[in-house]
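Take this structure first; my questions come after.
Order of writing sets the chain letters: A, B, C and D. Residues in each chain are counted from 1.
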Amino acid sequence: MPKGRLEAFSDGVLAILITIMVLDLRIPRGASDLAALRAVLSPFVAYVLGFLYIGIYWNNHHHLFQASHSVNGKILWANLHLLFWLSLIPAVTAWMGQQPFRLGPAVIYGLVLFMSGVTYIILQRSLVKHHGKDSRLQRAMGSDAKGKLSIALYTLAIALAFVNPRIPYVLYLAVALIWLIPDPRIERSLEKGNSAVA
Amino acid sequence: MPKGRLEAFSDGVLAILITIMVLDLRIPRGASDLAALRAVLSPFVAYVLGFLYIGIYWNNHHHLFQASHSVNGKILWANLHLLFWLSLIPAVTAWMGQQPFRLGPAVIYGLVLFMSGVTYIILQRSLVKHHGKDSRLQRAMGSDAKGKLSIALYTLAIALAFVNPRIPYVLYLAVALIWLIPDPRIERSLEKGNSAVA
Amino acid sequence: MPKGRLEAFSDGVLAILITIMVLDLRIPRGASDLAALRAVLSPFVAYVLGFLYIGIYWNNHHHLFQASHSVNGKILWANLHLLFWLSLIPAVTAWMGQQPFRLGPAVIYGLVLFMSGVTYIILQRSLVKHHGKDSRLQRAMGSDAKGKLSIALYTLAIALAFVNPRIPYVLYLAVALIWLIPDPRIERSLEKGNSAVA
Amino acid sequence: MPKGRLEAFSDGVLAILITIMVLDLRIPRGASDLAALRAVLSPFVAYVLGFLYIGIYWNNHHHLFQASHSVNGKILWANLHLLFWLSLIPAVTAWMGQQPFRLGPAVIYGLVLFMSGVTYIILQRSLVKHHGKDSRLQRAMGSDAKGKLSIALYTLAIALAFVNPRIPYVLYLAVALIWLIPDPRIERSLEKGNSAVA
């Protein structure tokens, strides 16, 4: 099966997720001076983090399917499974924006990121299985140290939330920063592939 | 007419439908611990079911148009008719999430699924008619036992709701599970077609 | 300029417009039986009419660009102008759903439809001008009797709203029914074009 | 990397941004005559300005990528950075619609436009760098006087807001009008390029 519609549907869902979070950035009715912005500071920071995460997933999804050339039924569902967990990011972002340093949002935010990370790895594996162990995709992936590290850090963050609910945010931001750099493995491999063709 | 824009528009509508349901997953303002999640348990379960159903329709729609190569005016409207009924899923999901085991939502949810199933069959038939009785699409469809069974189960569910409004949910979940497995008929047929070409 | 992104952007906007109207179909919190549906009857009818109109515009837009092969800067803005007026349909639909038979919504709904009709004709003309008077598009359009009739009927409907705000709805529905049939002019012309090529 | 998915994702985000602003055009419940429209006059004017700005950015983005043929990881993030600032337009538009002539919204609206302008220039530069100094894109851009002028006018508008919060709106409208005309530089260059090929 060609990959076109899976990419188009995922782009649509990710574009909506990244945008509906902004619906929670409501400046209180009646406020008219710059001081009113203090009321949206915490939702704004939560929005930035959510935007970063969905941006990162879109970016990695883009790279991943760039290195793929077709899909099957299992991959469609693995992708929907990933989108399901990502679709919870706006809801947990809204909660986090209201109650940033409390146990509930700190833990649930971590759980949603953890499940997103796990389902991304499942999607990656189903793509590698479909394309074969010797495929460019497999070579490009390598050991996927970044993916595994992220999941370990989410787990640590959830555990430390019970010590102090402020600690997890340091780790959530750290993971985002690790991923902000686009995955050079695939890009390099793609360039090699292209130059080999050219 | 080429099928590209029908697919793109449907992907857009389905991506929005699957995502706006999440807007009802609002953790009550002021809640800050994990116990607050109990308040969203029932909307969350409703969200999962709605996500599954829209995911299934996207999947089947994807398979269906994969086996098609062009469309006509009737197919455009048959597709819009299907999208109309699917567009009601977020509204009935929100109601079901609030009042899960009451007659109203149990019946209306079934009715929307019933009409979605019927309009999907109408869309399928208009595609088969357009491509011809001997087309790969027709062969791939076969007798469409799954589609007919689903409609029978929705009807049964609506009837049993008047006995006890908890029964329908077992059937709604059962139909979802029947469809979760991607349609092997079309996929097999597509593979055959492709290998015949190769 | 190729027409691809104009089509993709318009599909996105129309998909969102047709879907966000459903956000107004909220069954009152606490309602649990079928009688509760009476509260959403009027918004539901308004939703059906709005869905029909946006479906019709998508359909016609699809046919129009099917017969086109490229765009220029003026066409991009003519298209945005059309999308602007169509984007007001959800807002006037919501008002109409609350106060169906009052002067305000009856007139404003007509005004938005009138402006949508006018901007559609502007878009059509800018496309014909770009493709040339002898193009397939121009031949397919003919005198555009349907488009002109619709605008006349919207004007009549607005005038009659001041007599009785129930009259316009008959006309709004009548225009929708006129358009429900996909434009056979372009479809026929496209088929001829294709068979000429084949 | 091909540019297709970057364009599709940006189209999705911009289509949503241009549409969700309309969610703030809510006629007060219970209002039924034309006088009720006065309550939405100020949000409507804010909506028109927001629609213009997002329309302009879509238009320029369209022209910019028309002249490009591939992207890299840095361009993906430069594009996300631009989309981040544009995604704040609905939130500041809502605030401006409620409190049009107060310091807070006047300044913040300008700040969001300023950052959108800056990130657009960053995106442009990363594209030019990727395509080379001698590329058609670079020649088409020229000195980018319009982009630099806009940023100067936004800065001026923010400064003058502290004198009188009504002044900035004149400048915001002026910048929109400057851009309303599609960029003839790229269009001309594209035509030349095409005719050179033909």
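Observations, loosely collected:
Please note the rule applied: contacts are C-beta pairs under 8 Å (C-beta built on N, C-alpha and C of every residue); 3 or more make two chains touch, one makes a residue touch a chain.
Keep in mind it's a predicted model, so treat the numbers as computed, not measured.
Because chain A and chain B share one sequence, their contact can be compared position by position; here under half of the interface residue numbers appear on both sides.
The chain with its Cα centre farthest from the Cα centre of chain B is D. In whole angstrom, the spacing between the mean C-alpha positions of chain A and chain C is 37. Once the centre of each chain is set as its mean CA position, chain B and chain C turn out to be 26 Å apart. Chain contacts: chain B has residues 8, 12, 15-16, 20, 23 touching two or more partner chains. Contact residues of chain B toward chain A in the complex are 7-8, 11-12, 14-16, 18-20, 22-23, 25-27, 29-37, 48, 51, 55, 58-59, 62, 65-66, 180-184, 187, 190. Listing the residues of chain D that touch chain A in their complex gives 1-2, 5-6, 8-9, 12-13, 15-17, 20, 23, 72-74, 76-77, 80, 83-84, 87-88, 90-91, 94-95, 98-99, 102-105, 107-108.
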